[in-house]
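After the structure tokens below, expect a handful of questions from me.
By written order: A, B, C, D and E. Residues from 1 in each chain.
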Amino acid sequence: MFGTLFTTQDVVSSAFAGALLATLSTAVLCFLGLTWINERWRMPVAMVGVAALASALHYLGSTSLWLEAQKASSGVRFSAWFTVHPLQVAAVYFYARTMDKVPVGIFWRISAAALLMVFSRYLGDAHFFNPALGVLLSIGFWLYILGEMYFGAMADAVRKGKRPVRLGYFWIRLIMTIGWAIYPILHFVDVVIGTGQANGVVALYTLFDLVNLITPSLIVLAVAGQERY
Amino acid sequence: MFGTLFTTQDVVSSAFAGALLATLSTAVLCFLGLTWINERWRMPVAMVGVAALASALHYLGSTSLWLEAQKASSGVRFSAWFTVHPLQVAAVYFYARTMDKVPVGIFWRISAAALLMVFSRYLGDAHFFNPALGVLLSIGFWLYILGEMYFGAMADAVRKGKRPVRLGYFWIRLIMTIGWAIYPILHFVDVVIGTGQANGVVALYTLFDLVNLITPSLIVLAVAGQERY
Amino acid sequence: MFGTLFTTQDVVSSAFAGALLATLSTAVLCFLGLTWINERWRMPVAMVGVAALASALHYLGSTSLWLEAQKASSGVRFSAWFTVHPLQVAAVYFYARTMDKVPVGIFWRISAAALLMVFSRYLGDAHFFNPALGVLLSIGFWLYILGEMYFGAMADAVRKGKRPVRLGYFWIRLIMTIGWAIYPILHFVDVVIGTGQANGVVALYTLFDLVNLITPSLIVLAVAGQERY
Amino acid sequence: MFGTLFTTQDVVSSAFAGALLATLSTAVLCFLGLTWINERWRMPVAMVGVAALASALHYLGSTSLWLEAQKASSGVRFSAWFTVHPLQVAAVYFYARTMDKVPVGIFWRISAAALLMVFSRYLGDAHFFNPALGVLLSIGFWLYILGEMYFGAMADAVRKGKRPVRLGYFWIRLIMTIGWAIYPILHFVDVVIGTGQANGVVALYTLFDLVNLITPSLIVLAVAGQERY
Amino acid sequence: MFGTLFTTQDVVSSAFAGALLATLSTAVLCFLGLTWINERWRMPVAMVGVAALASALHYLGSTSLWLEAQKASSGVRFSAWFTVHPLQVAAVYFYARTMDKVPVGIFWRISAAALLMVFSRYLGDAHFFNPALGVLLSIGFWLYILGEMYFGAMADAVRKGKRPVRLGYFWIRLIMTIGWAIYPILHFVDVVIGTGQANGVVALYTLFDLVNLITPSLIVLAVAGQERY
């Protein structure tokens, strides 16, 4: 796992190694959770679990790279984001679906928007077009997803649920509103301003990844299990 | 996982790394899906999941090779295709089988055709006989599979299903018609014309692998779960 | 697993390698235990299992590091503690919850306290502030958790359980009182006094990790299974 | 997985890599199959799955060895055969057992014969005694197993089953009669004649391993699932 | 898995590699067995499975070490024994428990005795005190465990079971009486006489490990499944 020794003063290494174990533990906990939650909730829980697993595998790679060479790249991050973000957004759809019918078209639209959100940022990062344009486009897709979550049929469906379901939806949506703001912001700092993968940027990415990935996963798992616990 | 750092501008590395995580996530999601879908659907879902897993393991190897030496080989790809293509074709048979009895002979014929489709391309690629002949033979076997899917007993069986089942079959068949066309085409470019594993060829293979592997898997999973979601 | 040969006289290597296998076995046993215990108990058992797994993965890394270079770092340990300690504390909450309703606020408070307990020790270790302050703060959070366990709603809930449940709670709490005392003590020795990761410190950490991790996990598993065995 | 690049013209490398993915996929498919087959069939399916897994792990090792040094050894093969052959033979016993009581003595005798079949070949290969004697002894044990399968209580028990069960037994027995003939033959070529692990010998071993391992596994899985599909 | 080529004439390498695959296969078979055995039997089966897994992981390490450097150490063995022996002894307790109530005190006493049996041998091997004393002490603890198994409440409980349960107990106990005798004997040869880890010693250890680990595991699994098969 950890090819090199690092001290606690090396904040980035500690953050990477901690993120690796935390995301992997989240994934395993979600998978085990499938054995006690109500069958209706298995799909969103499986999805956040797989998103956490994909992120953990990406951290397995980037932790090794960082410990060996103290270098990080947005390339490695993007390889995970293409899988993680659409999965997380789709999980919200199925979260709402457990409460009431939600048109399947919304699923396709927000999943595609999540993919395009990552892809436009990717094209900017790779300088296929202006990085600033990538940031703007990705913000647009992100706002569309948020719009569906705040004013669309998913919000209506969730409103029919009991208090823990409504509360969980509220918090997940909040994290996707505030926490996800880090991605265009850091992307702007990193590529448009051009700091590159400076230590601060890497540490911030990792910190927010922890919040944005682990908290919603645990919220979904907790809500799914609330009928029992 | 990722032995070397790569930037987003290195499109092939990004594609490989992304494909590795995406196919692995697909496989895990299908395996977890076995816990919530109807028992009748477990066989096709397990098969597309195993196909995605075999592909993910192949990407684990070829991603390492690419990141280290920026080289790819059709040899590594073929080692996965021998497992992936027959599994995918067999999954379509069991997909149809969930709706109505389909003669078991069709299963043997289309599985064998899928194996021979890969094998004839392999023999051409390895110059056991003329690569162009390999391309032609593989197209023949592919057309036979498509024929069974369009006009055979599987299409009849699926027609008895509800709308989502019919729709899913339609889309999987479409992907196998259009998406799979990339294999003889790229094989022609790569071996007969002789560009070898140029960056563009590798990127296209990877891109289409993503579509051809992940989309049908998710469609099967979605249709299998539609009685609940 | 073990990249280098070590003899039994090399106590630290033996302790590391033994801890790796013991924690991993504990994790697997807890996961398998989910198949025979009562559904009500699955959550605490899953949590101690995941805590043991995270610890095992950390030992996988630190065993390799130790065998290669005979060096250990608190950095690697902290990366696991951030996951392990909150999980263990949360497991105690759900342990009590199986017996009676316990306000969900307690869950949030003790989980946060466990995270802060590790974090304040981390900040001290990394010299963000005085290590002695880190020790004191972490002791404060630890005492708060113990307070909740001895005099809070969890103790009340457990009192309604049968004898094995009450006995199990008594022992887990005792381990968290006596066993966990090693962390501030060794931290004091290691950072404030400044011995660093001397062999004795490493061996003691590992020994207490075994007690603090494996015993509570097995107690939870045993209590969860006691209705059958 | 694959440490070195290989082309399709390198038949042995392709065969090894293909065998690795194919046997692993077979193992996973059998394990997943346990979720949909009738409980009565779980034991034989689990056994062929574990046999495929052991073979896959052996290929994981020998593929790495081959790709690095283009060398193979019968030593590595034997390490797997000791596990694989007795498991396959025992699976046939439990296959028959699903239909009717079969004396448990037969289980012990054919499992022991399978172990001795591999062991006598091993002793010959390692020149503990004359390799030709090893071949002869192993043929004797093999014939004993075949005798039990053709004329013993297992054949009687299977005769009480429905057509797919009888057909599956017929094919598995045929593979063990014709396919397994390759082992004494190639052993004779390899050790007694003394060609060693020539490329042709390695390729033939691998090819027959694929037939001898994967086909019976899939037959058992198919028969086990035939009550549903 | 296998980093180096070895021939069949290299008996120790073959034994190691074979033991790795055999113990791992045993572990997987036990885990899969949990899906078909009676719920009452899951605990002992899980325990022997985890013991086999811990042993397999230890062989994964020591096989690599042996193949690279032709060296073995008792240090690596001990790291597994600390987990394996107590688990095996505890499994016997739960084996008896399936038949009738057995005082839980016996569980604690024989588990502790198994741990002390390994620990006293370890202290001797590491020359904390005279190795001969370690041998004697470990024999004492071993005899205590045997005493409980022959004349204690476990034997009484098992006597109430049907013939296969009684027979299985008889064989497991016999293996723990005769097979386990190898540990003090080889320890005497290895440390007290001082041959060290000579090839013969390593081969004998491995051979007996196979018998002592795999046979009881399979017996427990077979007895657990006998109500069905």
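Please note the rule applied: a contact is a pair of C-beta atoms (placed from the backbone, for glycine too) under 8 Å apart; a residue touches a chain by one contact, two chains touch by 3 or more.
Here the structure is a predicted model, which is why all the values come from computation and not from measurement.
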item	value
Shared chain contacts [subunit A and subunit B, defined touch]	none
For subunit E, the least number of touch steps when starting out from subunit D	1
Interface residue overlap between copies subunit A and subunit C, same or different (over half shared)	different
Cα superposition angle of subunit C on its copy subunit D, in degrees to the nearest 5	145
Inter-chain centre distance, subunit B versus subunit E - centres from mean C-alpha coordinates, in Å	45
Averaged-CA centre spacing for the pair subunit D and subunit B, given as whole angstrom	28
Graph class of chain-chain contacts, one of line, ring, star, complete, other	ring
Chains in cyclic order, anchored at subunit C, direction fixed by subunit E	C, E, D, B, A
Contact footprint of subunit D on subunit B as seen in their complex	31, 34, 39-40, 42-43, 46-47, 49-51, 53-54, 57-58, 60-62, 64-65, 69, 71-76, 78-80, 82-83, 87, 94, 97, 122, 125-127
Subunit B-facing residues of subunit D, complex	1-11, 13-14, 17-18, 20-22, 24-25, 28-29, 32-33, 35-36, 225, 228-229
